[in-house]
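Right after this note come the structures.
Okay, so chain A shows up in both of these, paired with chain B first and chain C after.
== the complex of A and B ==
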């Protein structure tokens, strides 16, 4: 047994103008989880401490919260791994959500992201009275398995810096869920799904890998990359700045061995997109004044052939 | 006031399957749940779901029904068992065509694994996250049909007018308001009640809600003494390690390194039915062949690849709780409370004795599991009887007249809750929960006897009285008041525990999960009857044995594995 001091964010949206903090001390075995400690604190010390929990075995996704500033499942975090020398553990609600009470947040924006993606199988044939299962190879099913492990705990959504600056971004979890249908051979709406996810700002993902910190190893970042790749392979929304940006970066590096920034900007915005170009002109002028304007044309680096060989060996025939 | 034709209480597998069935039939249906549906404890089901598809070996629904009847120790109603096993393949295909991610055979058909007490490998699965993938598939169908879900609404009471169900009263957790939810048909699918015990595989939310509500509304509760103890739960936190481990070939070892199961079940060994394996494991521990109060689940010979492919979740759960990696170390396990075979009494269509009130899933007792449930049959029951209850509710609402809202029930519930909130001293529900947990774990465990059961009955009656007299809620907030919700949960759990203890004390025989050391034999002459418990305010329930077990094909015989 050891004394754990839970330093908890306290707030009630109905009555509190600002949040405050309480420290609650409980005696628990240090092998116990942060959720166990919270549960003990609520049962024995202060019944008003509020948090969501259900399964306590990392499968229901209820108890995601910030523990010492890092989002994760309280039921999967042993106290001993997070308490400091004084036994203190700091507990806060998930960021990127509006707090409701203590560690409980308003989850609606997170669920709305799923709803927009029509998260249900839309088979090509609509006849639903079948005698037998559809045949799906183990390999095709295996592609879906990692994404299927998602418990919708919203840890990745809370950790996502893009969501924090632009709440219209679908967020990692919903994109991973979309992937689960996009890659399902039984689904008949692949292109429509890709178009929708492009509308939901798929390309805002900055590939920072924050969402790779996933309690269930779903690794939503890899699924985002998969969805982006599928968008290009399927030729969906190719007039969108996202795919255009990806392709022109690819093209200039292959051509010169370097990032040709001028060409990338033109390629992303579009040479004939007068309004788009006009919008970035002030930036270009300021960059030119500061001497930061990249040269309009680049000479290929020495041994650019080696770069091209790398590209060729990586390119998958489609 | 909220009003729908059909209201489903609970958003787990049974509840969502019911709601989707009603939606497909064009009914005005809504779900009322204390959690978002994907948080439901159905998602924690690991091993699989049974259906006689015969994909890997010869199998028929009749074989499935026989195994289930035998597993039930002949207390299951065989007409309901046959109906379930007959419908099983169709329901699995239904799920598959809605996108459920089942594991596959090389030829693309659904894979099936062996499970305890089953004559053929008939358990369809998705690695060891079967409950989760089915839960997601059904939630997706809710999204597809745009079924209204009243999320984080805690139901507190059943409404009846002139003996007919008219809906429920529910507490809106977001703003602390009690609301009347009026419905022509109400389906309870609120899951189990593991939290009456100290150690359970069940999550915090498995608190007998629907059971307690129906019980108070005048619906009898059936066969509650039959509590399943799962043979393989973790000592540290009670978390489940799926039967799929043994299905895939894991061994159970005692402190001598001996595979002890063949002493108890010469043919099936580790794949005997759960009551048999739990008693065997506990006997080994009691006779001094355990290790720190546990026996060992050994997966090592399965090899890293198979463990990571088929059992990744349980490997991680064991690793998180014990620090031991099942790939190279046997995991200490012991039997833990897992499932209640009993529940709200229904007929084989999911209807209770009160018109307009239905129940399905673990909350219900049809009974298909009798005295002991087979692994893989609980998910099946949720799907089959969720759909059935909705089908019959949809037929019922076409005939039944309009229902009027039960304002008096709303008023009574408001007074009950205000009473708890207005008090500032007395006893808090978590303290009473701890007392209940202790007496249930000490006195109503795997092996039972009169002395201990009497002690439990007496303790529980005291706890019941203390709750009714002294309980108060510390949190006075109207926002997300889980202190209040937990008090209501404990209230229901005490009722459910009283049904378990009283039923166990009265049933003077050993059958399935009820093992009486003072009555070690099964007594078919006197006890081929179901236990019906009726609520009596502030007293032990009244027990009634008027419902006989239905036998269709299989007369009770000696049961061995």
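== the complex of A and C ==
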């Protein structure tokens, strides 16, 4: 047994103008989880401490919070691994959400993003036309299990830096869950799903891998990349900057071996997109003044034909 | 110092240093941006290498690493492009490949990991490389210059080489995602609490600024995607750094550099003025090691870093 000092964010939107902090001391074995410590605090010291939990074993996804500034499941985090020498553990609500009461946050934006993506099977044909249930081969199922393991804890959403500055981005969890249906052989709405997820800013993922801390190993970033590839393969939304950017980068590498910055900017924004180009022009001028503009044309690297061979050997004709 | 190490630490330590004693030649992969809009990074890296007494042999026929973008369309192409680069390094007898870009580091290491952990992928790569007589044997290790500074030169040696200490200049480290995440690809240091940049800042006489933005993303890859988003990511991180007392920023990633240097001005509307000059890692180290400031391309930056250097009496 040891003294664990929980330094807790306290706030009640119904009464408090500003949050404050309480330190609550509890005696628990240090191998117990942060959630256990919180439950002990609530039972023995202050019944008003509010937090969400249900399963206590990393299945329900309710107890995600910030523990020493790091978002994760309280029921999966042993006190021992996070307390400092004085036994203090800092506990805050998840970032990227509006706090409601103590560690409980308003989850609505997160659920809204799921709902928009219709997170249920939409088969192409009618149930009545099937003798048996719709079967999926183990190989086809294997592609889905990682994404289907999502427990909707929102850890990834709380960690996502794009969500933190632009809440219109669908966010890692919803896109990973969309993938779960996009790649489901029983589903009949692949193109519609892809179009929707592109509208919800699929390509706004900044590739930062903050969501790689998903406690269920969904690896949302990798699922996002899978959805981007599916978008291009299916030829959906090819006039959007995301797919255009991907294609022009590939094109310049194939041509020169290098990523030709000038061509990529023009290709992504669109050379006839006057509004788009006008927006990047002030920066372009600032850079040009400093002699910082990339060369307009690139000399190909030596043996660039080898690069072309690689592309040609692996490009799937579309 | 080594006598205080536990046996297993000694083992890892000697593993890390195994090549340092004889080998001072490295394969060098500068990446596209250091050859295009951030030439000052390329030049200051070469000047720094001179000071350090190491030889960086540029892999001149290497292609772009493909970054996240080729990966977005075709993972196999991204992997085989890098296998070609590694084959070139091996052909030159160089199995240590040094990068100066966080994004290159992450993507090249990921590709290498995929090749090394699957015979099938390695065979696929070699069957294509074979078409032009190349072969990758799997001996390459990709490391960032930052890790080379710490592992091969050593912080003590580095600080002993300093002739122009930074006078306690308060520098905020900005790592760039792909040099730390995902941990299974990089794993050189903790992605949640890295301190290699801080250690280098200290070694050259600066004072590292601790702030929440140091491991966050600058948004470079989505600059063209939607108005204001990447700008805001820059603004948010630079605001925190400035509020924690930073006078300048250092980054091992030219993409982060383009974003931080280029977008602070536009971010001011939402986040207030920050105007933090951003140094490429080798620029600031080279400066401390006595490379003349005029040679480091500091005049190429949009937010002029010379102002703070003059104020701190580091340059005239």
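Here are a few things to note about the model shown:
One rule holds in what follows: the second predicted complex is superposed on the first by the 297 of 318 C-alpha atoms of A that agree within 3 Å, B and C clash if a C-alpha of one lies under 4 Å from a C-alpha of the other, contacts with A are read in each partner's own complex, and residues count from 1 in each chain.
To be clear about the criterion, a contact is a pair of C-beta atoms (placed from the backbone, for glycine too) under 8 Å apart; a residue touches a chain by one contact, two chains touch by 3 or more.
The structure presented is a predicted model; accordingly, all values stated were derived computationally and were not measured.
Partners chain B and chain C, brought together by superposition on chain A, fit side by side with no clash.
On the chain A superposition, the C-alpha centres give an angle at chain A of 140° between chain B and chain C, rounded to a multiple of 10.
Once the two complexes are overlaid on the shared chain, A:315 sits against chain C while remaining clear of chain B. In the superposition on chain A, A:249 makes contact with chain C only, not with chain B. Once the two complexes are overlaid on the shared chain, A:141 sits against chain B while remaining clear of chain C. Contacts of A:47 after superposition: chain B is touched, whereas chain C is not reached. Of the two partner chains, chain C is the only one touched by A:165; chain B is not.
By the touch criterion defined above, A:238 lies against neither chain B nor chain C after alignment on the C-alpha atoms of chain A. Within the superposed three-chain model, A:259 lies in touch with chain C and out of touch with chain B [touch as defined at top]. Touch criterion met: A:228 reaches chain C, while chain B stays clear of it. After the two structures are overlaid on chain A, the closest C-alpha atoms of chain B and chain C sit 17 Å apart.
Of all residues in chain A, only 12-15, 31, 36, 39, 42-44, 46-48, 50-62, 76, 78, 100-101, 104, 107, 111, 114-115, 118-121, 123, 128, 130-138, 141, 144-145, 148-149, 151-152, 180-181, 184, 186-187 touch chain B in the complex they form. The touching residues of chain C, counted against chain A in their complex, run 32-33, 35-38, 60-64, 66-77, 80-81, 84, 128, 131-132, 134, 177-178, 181-183, 192, 212, 216-217, 219-222, 224-230, 232-233, 236, 262-263, 265-266, 299-302. Across the complex, chain B meets chain A through its residues 35-36, 38-41, 43-44, 92-94, 96-99, 101-110, 126-127, 129, 131-133, 136, 140-141, 143-144, 174-175, 203-205, 236-237, 239-240, 313, 316-317, 320, 428, 430-431, 433-434, 473-483. Interface residues of chain A, counted against chain C in their complex, comprise 69-70, 161-162, 164-166, 169, 201, 203-210, 212, 221, 225, 228-229, 232, 241-242, 245-247, 249-250, 253, 257-261, 265, 268-269, 279-280, 282-283, 286-287, 290-295, 298, 301-307, 309-311, 313-316.
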